[in-house]
Amino acid sequence: MARFVMEFERPLADLEEKLAALANLDIASTPQLAAEIAELEREVERLRATLYSTLSPWEKVQVSRHPDRPKTVDYVAYLFDDVVELRGDRRFADDQAMYTALATLGGRRVVVIGHNKGHTTKENVARNFGSPHPEGFRKAERAMRLADRFGLPIVTFLDTAGASPGLEDEERGQAWAIADCLATLSAVRVPVVVVGIGEGGSGGALAIGFGDRLIMLEHAYYSVISPEMCALILHKDAARAPESAAALALTAEDLLRMGIADEVVPEPLGGAHREPETVAGEVGVRIATALDALSEEDSDGLLERRYERLRAIGEYNETD
Amino acid sequence: MARFVMEFERPLADLEEKLAALANLDIASTPQLAAEIAELEREVERLRATLYSTLSPWEKVQVSRHPDRPKTVDYVAYLFDDVVELRGDRRFADDQAMYTALATLGGRRVVVIGHNKGHTTKENVARNFGSPHPEGFRKAERAMRLADRFGLPIVTFLDTAGASPGLEDEERGQAWAIADCLATLSAVRVPVVVVGIGEGGSGGALAIGFGDRLIMLEHAYYSVISPEMCALILHKDAARAPESAAALALTAEDLLRMGIADEVVPEPLGGAHREPETVAGEVGVRIATALDALSEEDSDGLLERRYERLRAIGEYNETD
Amino acid sequence: MPINDWFKQREGRRYTVSTGSGTESLPDGVWRTCPECKRTLYQGEVERSLSVCPHCDHHFELIARDRIDALVDPGSFAEIDAGLVSSDPLRFSAGKPYASSLERACQTTGMDDAALTGTATIDGHPVVVGALDFRFIGASMGSVVGERIARAFERARTEQRGVVMIVASGGARMQEGMLSLMQMAQTAAAAERLSRAGLPYVSMLVNPTYGGVTASFAVLADVIFAEPGAMIGFAGPRLVEQTIRRSLPKGFQTAASLQSHGMIDEVVPRGESRSRVATVLGYLMPADRAVPAGADDTPALLPEGGEA
Amino acid sequence: MPINDWFKQREGRRYTVSTGSGTESLPDGVWRTCPECKRTLYQGEVERSLSVCPHCDHHFELIARDRIDALVDPGSFAEIDAGLVSSDPLRFSAGKPYASSLERACQTTGMDDAALTGTATIDGHPVVVGALDFRFIGASMGSVVGERIARAFERARTEQRGVVMIVASGGARMQEGMLSLMQMAQTAAAAERLSRAGLPYVSMLVNPTYGGVTASFAVLADVIFAEPGAMIGFAGPRLVEQTIRRSLPKGFQTAASLQSHGMIDEVVPRGESRSRVATVLGYLMPADRAVPAGADDTPALLPEGGEA
């Protein structure tokens, strides 16, 4: 299967293809070839550095959506032991777009909650591309309550384009399900560490997307609206998404600057999918560090600080 | 529309018809008629007294199902003021088979929860004949939690043949919905007064059918299984329901004897539908009296006593 | 994004806003046409009936202040948290610059943002009341709206008041980016704290209520009412239609449909909202709960039919 | 009533019960036929594999004691609340007299009623464990079963143990009438009290679990497991079929179907149940929760792939 190439990677991919074709030639028969290959290799390296070290917001959005990018279940597989998946909302369905589990990170027993994107089309169809139905949020809420009752910290992984906007999602109370998650997450008496690993799309991300610490991957985004939808509203043209992406201040760096994110995990050149284990390892360290720090606070203080943290977000002028 | 005649009422109904026919004749032209009518009237009166004063368990079951018998909403209309119906489970539907409301009984603010049978076929189709779907029980649970949070006593009215046994009821977790009601009702920190007004069918009744006081109408029943189903199992013949009804010990008197019910409200000859306002009035007095007594206990004591009450039900020998 | 749908939907039809100072889209402000029954109505007549069409019961949009006045005890409303204005934190200028949208909205409405909040009484019950004004950038929730809503819940908690919110909204205010999204969590958290303090919250959803506002404080109320005909949802109807690739069923996302789907407690006509809200507060306010059963000021044991 | 369905369903097929002392319906107790793959199996082979068919993974019915032994640490089980027997409170004699059913069930099973409960450890975690035995009047719940289950939860609460219930049941025991129905409320209340005390409860639903037992303590667990192929529901399949007047979809009420409908957490093969339950207890038991992160007996920060 051909490697997935993001739009902005096209020039680099073309060069890489040429290089691969040259490598198939017989070097011995054409002596200058070795030099040409070496030159091309240097060019590829230069281009790669330029391309990936200065990703625009819109390019980051593309990286965040890359099918090979590590997903929630990859982080679980890399980092956690003794996993017991918690399935179902006990009311309607087990929504595959939301993943919840008991899991252990280096001896730390936690509840994991994450949007559940797949790598392949087949996986994604089964998981509604990581866009939860109401029962997905209700499953998440169930996991939150379990965590709260048994004093287990919560670790969430954000990776959704947004909540599912289908007819039946509306009829089964999508807004109600999300709002209940928000209320519950605001009140659980255990530490909540949130990791933005890919897409952070609107209310569907927020439902499991705030807490006591927000760790963002370098190329993950978190936004009030998708750049395409924003462009459609502003310019009646989804193709102007790159502009919208810039305007929305949705990158990890933007969130750090605005005081919404606490830290940014750097990604290898090209994105987390180039060295998933390394990235996962670093993410694990960040989560563990955050959990250890938060576990020292008593739950009253934790709750109070979480609320203050939320209340501090927002910018306005007060004239009186 | 013809009056609904229960199977066992047939002989009486025949006499009453004859009497009505006689009354249409011209008394003046046939002098002996007046005497005959008077005689027949006495006979009707004797038969009525005999018939209704010694109802068998199976006859009581029929009375409890009488379409004219006052239903939950009738008691609400007769007894309660300032009614605000609470609708929906916030997840799937507003199940018309379950009625929940804020309501006031002679100044006492309470939450009312009741199975919602109708009088007409049309009403009953809309309300699934008072057999709740899972969302009906979830609506009831929502009402219980509201009552608990705001310190409002709970008054429930039992009138169901049982929980709905459909395919989708199973798929949406009928057992889970009922069990959640049981757990919640056992733990609400407010008084719970239960009134058996008609049918008390199995788990669907029990879901809102226990608490701190159980008041049974004289001809209401409460049973682990319907007499017909029991007969089908025991004799492979639903027609032997009268035997089963007797064997199951399902009458108000049986419940009183077993220590499950606390009191029995007498019904007028023929059943509550003959004098609905009188019966409702008496029911109101009983509820009010129970609420006033229970409101004097603190909630810890209330909870403890409710649990002990439940735990005391059951008969067995302990040999060790 | 719901705002989009709503703006599009609104473009197509002749649209009037009832304000104290007259309407924009009618020449003289004296006559208006009911969009439902198409009759021409005398403006004064409409206003006397709380902007409900006397012929077909259509509920016209109301400005926030009029909504509050229709709900609370006359003269009891005192605005709180005035003087908050958006700082355009992202210097958002894609499409129409946010700063100019804000300026225009302020001029048109005389408000500084979409939320108006204050203390009041409803049938004597002390409450904090809030209302969103759809004229102000589609009553979208940015930092100022989120702050006002959160402060409203906090004040109610401190002063042992109930909260009543009259909600209309297109959703989050995208021009404030993530700062806007986070208001969902902030307002939900504030509502949750009120709930845990044992104080009641009633919401009244009016046309239209969508997106991040629906999915946060709007539906976290103990009792949820909605105005007849109000459209309420998370995703806007156009987005849903695009998603499912077929046309929407009749009545989709209307207040009546939401009631049958179990999401709201009652569809309450505007003229009855004060008394319905007051009745609910009577059940849920702590002070009233403290009144002992059978106390002097409560009615007799059995108002009718009883023998006691 | 589910019991009925189950009895009927069971009538039709050749049916064997695995007991320590041999099986009833096979001539010599040495060979048995797998109802799923129809192969003839050597009894000893079946027992060594926890009564799971080595060819098709069919889970044979197990008696309560065998189920408990398969779950708890070897030798750790100590029965509690023995010596409770039904008093036939209704003198129920419609159809077959209850007293004779009881007597026969006692003789067949060597038990005094359908529930066996005791203290034990699972991977060292202190628990109260219970199992229902379907041979005993369809593992229906009367006063004795209800009492044992309630006491099990109470003891766990007192002794700070977790609870693990292995549940099979036809439902309520109609021969005890309302006394039986009320056991639903009693066991649910006991489970709820355990939950509020912060102690964990795991249930394992096995074939078949129906009626009043499903709708009470069985599904109130923090984590719900089910055995492969187990049929689980409230109403029995025949009643549902009669209600909807069409045939049931394939897989209806199976453990796998319940998982996809969101009702259970995991379908766990019998051979893995001890380790899965132990893992869950590791998360939820208070003693384990008290172990501080990074304590000496916990593994290193990052087991693999990390740089820390």
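Order as written gives the chain letters A, B, C and D; numbering starts at 1 within each chain.
FYI, a contact is a pair of C-beta atoms (placed from the backbone, for glycine too) under 8 Å apart; a residue touches a chain by one contact, two chains touch by 3 or more.
A quick note: this is a predicted structure, and the numbers were derived from the prediction, not measured.
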Touching subunit B and also subunit D, the following chains: A
Mean-CA-position distance for subunit D and subunit C (Å): 51
Distance between chain centroids, defined by C-alpha means - subunit A, subunit B (Å): 54
Where subunit A and subunit C are represented by their mean Cα positions, the distance between them in whole Å: 34
Distance from subunit D to subunit A - Cα centre to Cα centre, in angstrom: 40
In subunit A, residues with contacts to at least two other chains: 90-92, 172-173, 176
Multi-chain contact residues (two or more partners), subunit C: 195, 219, 261-263
Overall pattern in which the protein chains touch one another (line/ring/star/complete/other): other
Pairwise chain contacts under the document criterion: A-B, A-C, A-D, B-C, B-D
Footprint of subunit A on subunit D - complex, ascending: 195, 198, 200, 219, 222-223, 259-266, 276, 279-280, 282-284, 288-289, 292-295, 298-308
Interfacial residue positions of subunit A with respect to subunit D in the complex: 78-79, 81-82, 84-95, 102, 105-109, 135, 139, 146, 149-152, 277-278, 280-282, 284-285, 288, 291-292, 295
Contact footprint of subunit B on subunit A as seen in their complex: 90-92, 134, 138, 172-173, 176-177
Residue ranges of subunit B in contact with subunit D within the complex: 163-167, 169-176, 178-180, 182-187, 202-203, 206, 209-210, 222-225, 229-230, 232-235, 243-244, 246-250, 254-255, 258, 260, 306-307, 310-311, 313-320
Residue ranges of subunit C in contact with subunit A within the complex: 1, 3-4, 7, 82-87, 89-90, 92-96, 142-144, 146-147, 150, 172-174, 176-186, 188-193, 195-196, 211-212, 214-220, 233-235, 239-240, 243-244, 248-249, 252-253, 261-263
